Amino acid sequence: MYSEKVMDHFMNPRNVGEIENADGIGEVGNPKCGDIMKMYLKIEDGIITDVKFKTFGCGSAIASSSMATELVKGKSIQEAMQITNKAVAEALDGLPPVKMHCSVLAEQAIRKALLDYSKKSGVKIEGLEDVEFDDEDLHEIHEIED
Amino acid sequence: MYSEKVMDHFMNPRNVGEIENADGIGEVGNPKCGDIMKMYLKIEDGIITDVKFKTFGCGSAIASSSMATELVKGKSIQEAMQITNKAVAEALDGLPPVKMHCSVLAEQAIRKALLDYSKKSGVKIEGLEDVEFDDEDLHEIHEIED
Amino acid sequence: MDKIIYMDHAATTPVSKEVLDEMLPYFCEYYGNPSSIYYLSNYSKIAIDKARERVAKAINADKNEIYFTAGGSESDNWAIKGIASKFEDKGRHIITSKIEHHAVLHACEYLEKKGYKITYLDVDEYGMISLEELEKSITEETILISIMFANNEIGTIEPVKEIGAIARKHNVLFHTDAVQAVGSLPIDVKEMNIDLLSMSAHKLYGPKGVGALYVKKGIKIDPLIHGGAQERNKRAGTENVAGIVGLGKAIELAYSNLEENTEKITKLRDYLIDSIQKKIPDVRLNGHPTNRLPGNVNMCFKYIEGESLLLSLDMHKIAASSGSACTSGSLDPSHVLLAIGLPHEIAHGSLRLSLGKDNTKEEIDFVVEKLATIVDRLRQMSPLYEKAQEGK
Amino acid sequence: MDKIIYMDHAATTPVSKEVLDEMLPYFCEYYGNPSSIYYLSNYSKIAIDKARERVAKAINADKNEIYFTAGGSESDNWAIKGIASKFEDKGRHIITSKIEHHAVLHACEYLEKKGYKITYLDVDEYGMISLEELEKSITEETILISIMFANNEIGTIEPVKEIGAIARKHNVLFHTDAVQAVGSLPIDVKEMNIDLLSMSAHKLYGPKGVGALYVKKGIKIDPLIHGGAQERNKRAGTENVAGIVGLGKAIELAYSNLEENTEKITKLRDYLIDSIQKKIPDVRLNGHPTNRLPGNVNMCFKYIEGESLLLSLDMHKIAASSGSACTSGSLDPSHVLLAIGLPHEIAHGSLRLSLGKDNTKEEIDFVVEKLATIVDRLRQMSPLYEKAQEGK
């Protein structure tokens, strides 16, 4: 069902934990739906110098979080903004169709943390103004056809 | 499906053939339904001294005819009149429910031959006056329940 | 000859050794429920997937167009009732033929009781439907045409591609009961415009109790069996994994040897027909002389009844079948033989010998020899024969 | 430990060696179609007959009350739709419960779309229906009550005999989905007033893809699969002979060892529940504490999600299952866990360990040890756990 990469990131997730006094924190998902991702960012001079996560969710949610942290670490804010759910899924060598929403969650967690940073720091981030985080719809996004 | 007796009477039927100048001939059944039995009787002094049959039909029709001839041979007319389809079936160690109509056919063939004898000879036979031979209904008689 | 001579392959076939070998691990070893997520279940999931691919390939379908079922009857019922239920608001008219298998006919009769209108097309003396009549019977209300690919009793092959074209032209769905055709005839659902196709494993050296329904991508159909999400939510129930594996292997084998087997079996069939006609008087070949299933021989032997013929053959360890009513205990002989115009008494004397890949010429010679003796014996006993002889 | 530790017997079971051995001859050797009349077919006919007797005996039914199907889902669908169709003129109301298997629920929902009225009874925190509520919901229109014998997720055993008595009193038919109960609990259809009962072979060490429906003598039901005259005209299709033989053997084995297995498995179950509760904090046992299936353990582990638990167990070769939505990709967790009143986030953290006759105490110790580590690891990762700890 899952690729080896997914299993590796699930069993040995990178960057688990919290960052005290994080510059940006993003939490997405909903316990009702069975997944919550919380992402902590440390940002210095526009560069994401550290990132941690905590996730309540299925294997691919945990793996997606882990992979997302790897993808953003050391990147500039603008680079991090380019990371899509597809990029997360591809970096994991793919996710089953019913699990694609986990990668969407990871993408949103990054953006929400960046939004939080933007609000706290007053640094404007292009493309973040009108993002909505609609938890309930997430699972529907990549439904299989029949 | 069939008892050994049925198979024996089917493979080695007794009294197959015709009797020239038979004293009574009875034909029952209908080619449409897949069975016809024709029975020939030789009757002397109220005793059935010889009997032959020809049958178009399934295995149990042939076996029932054969058994019926054995049962009537040497019997008096009154004894022959007592032979029921049940007696034929029992003598064959039973017939499958869907095949019980074959034994009914055999019983009717005997009676019809006796009726023919009665008409030709003028000898009255008790119990034969109001017999009807309804070919079409035969198959329905012993239908299985569901 | 001690071995049984099996000439009833249209009724069922033995499971090939190669097929059974592929099935075996899925009983005790790879027993995981395909819906479970742990590693053990991967074996069953992959096995089903492979079988689906094999089945799809055999009829030029897409993997996702194949749904596994419990056999031909379920597939037929599902196709007909599932489409009827889904499209009840669009129309309630279905067209089928008089010579369909009971799985189709009785499903249609059931729908008739529920208010659907069914047209049962006539067939000609060879068992072929008329394309003209078919096209004429299509109305605004027509939602489905269900015509079999090849008939199980007389072997006649219907003009499937032409039916498909007519269905397409009038925007009506086309289901074909291909239970007798799959494994014996080349099938291309795309080229033939087939929307739904039923098959059954046990007719092609696979196990009994497993089959499939092909449903063309995009076609909506209500499930017959609701429940779990198996078969992409279309057919619930824990999968018969071993059976599905068996179907996959069997169909692959059938199509990789198709030409060779067809040639061999067709030759044997024609030799069998020829030998019977030469040796036994008053016989009639039922079905189409050439446009018939490779292994199908169906003949009527006048003046005798089919079951007594079968029983006699059985005494010589020859397994065959008959369209006689007496094998089923009902009054009427086969609806197929009546539909091609045979009178009842002739239809009662029918015999079907259906050949398979392992039959031999020696077996055929043996069968014909025995058959001649048996027919003669039964005719000597038959009052109909007597009358006919007198008439001559 | 190299061998897999299988604790998902409620999902499916391996076929017992003894069962497979009895099945094997019916693939390649005794392959005759049971409907044929020649000698070869006697083997299959007799085999089916024997299986029918064994199944009947296991539930104290009559041989002629057993109809073979392709599994539990078909049996459920047939019972519900077959009765609904037959009695549509008498009434269109069916009573069932909120915790039924999807085979029952989705069949009922389908009927709802077709104009039937369905009452879905609530259950209490243990998963038990209320007999009072049941009786109150019966109307003039009610034709069928369908309540499961024992729940597949939480193991709760419903008051079947009492339900049967209520059904009888009000002259309503009573169907029970006994797929999880057959082979694990004593069943007497006569004493329990059961009119229809579904079972499936693969839950009791028989093969997948075969089951049966018990239909009490005299009860009229429309077929789900129309066609040939198999199963006394009630369920068409060439019989899955080997599968049926397997079901017969499996059920006989199950009931001849019932007491012994029940005692052993119940002990293991209670030991497992006990060990988990001792070793792991913040857990909750779902289902009835005592009135539950011998092998069923269902627990919620707060703050973590079920699928991640399953995956981690799988890494230790432990096979289990979960009521988490994530195993199916849908939003909502198990309808059963919601019906007993669990909040979504708790329901997402459920784990079902279902024990079988071959599980051992050593396996349980191993599983509990691994489980404790896994739960701890996942909780350390969980933002919910973090919040809860802060709150304390």
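When the chains are written out, they are named A, B, C and D in that same order, and each has its own residue count from 1.
Operating definition for what follows: a contact is a pair of C-beta atoms (placed from the backbone, for glycine too) under 8 Å apart; a residue touches a chain by one contact, two chains touch by 3 or more.
The structure presented is a predicted model; accordingly, all values stated were derived computationally and were not measured.
Shared contact partners of subunit A and subunit C comprise D. Taking each chain's centre as the mean of its CA atoms, A is the chain most distant from subunit C. Separation between the centroids of subunit A and subunit D, computed from CA atoms only, is 39 Å.
Centroids of subunit C and subunit D (each the mean of its C-alpha atoms) stand 34 Å apart. Measuring from the averaged C-alpha position of subunit B to that of subunit D gives a distance of 55 Å. In this assembly, the C-alpha centroid of subunit A lies 89 Å from the C-alpha centroid of subunit B.
Subunit D has residues 37, 307, 311, 327-328 in contact with two or more other chains. Multi-chain contact residues of subunit B (touching two or more other chains) are listed as 144. Residues 4, 6, 8, 11-17, 20, 23, 27-29, 31-33, 35-40, 69-74, 76-77, 85, 101-104, 106-107, 109-110, 114, 200, 202, 207-210, 222-229, 236-243, 307, 310-311, 313-314, 317-321, 327-328 of subunit D are the ones touching subunit C in the complex.
Taken in their complex, subunit C has these residues touching subunit B: 303-308, 311-312, 315, 324-331, 333, 344-345, 348, 380-386. Those residues of subunit B that touch subunit C in the complex are listed here as 2, 7, 10-11, 13, 16, 18, 27, 31-38, 54-59, 61-62, 96-99, 136, 139, 144.
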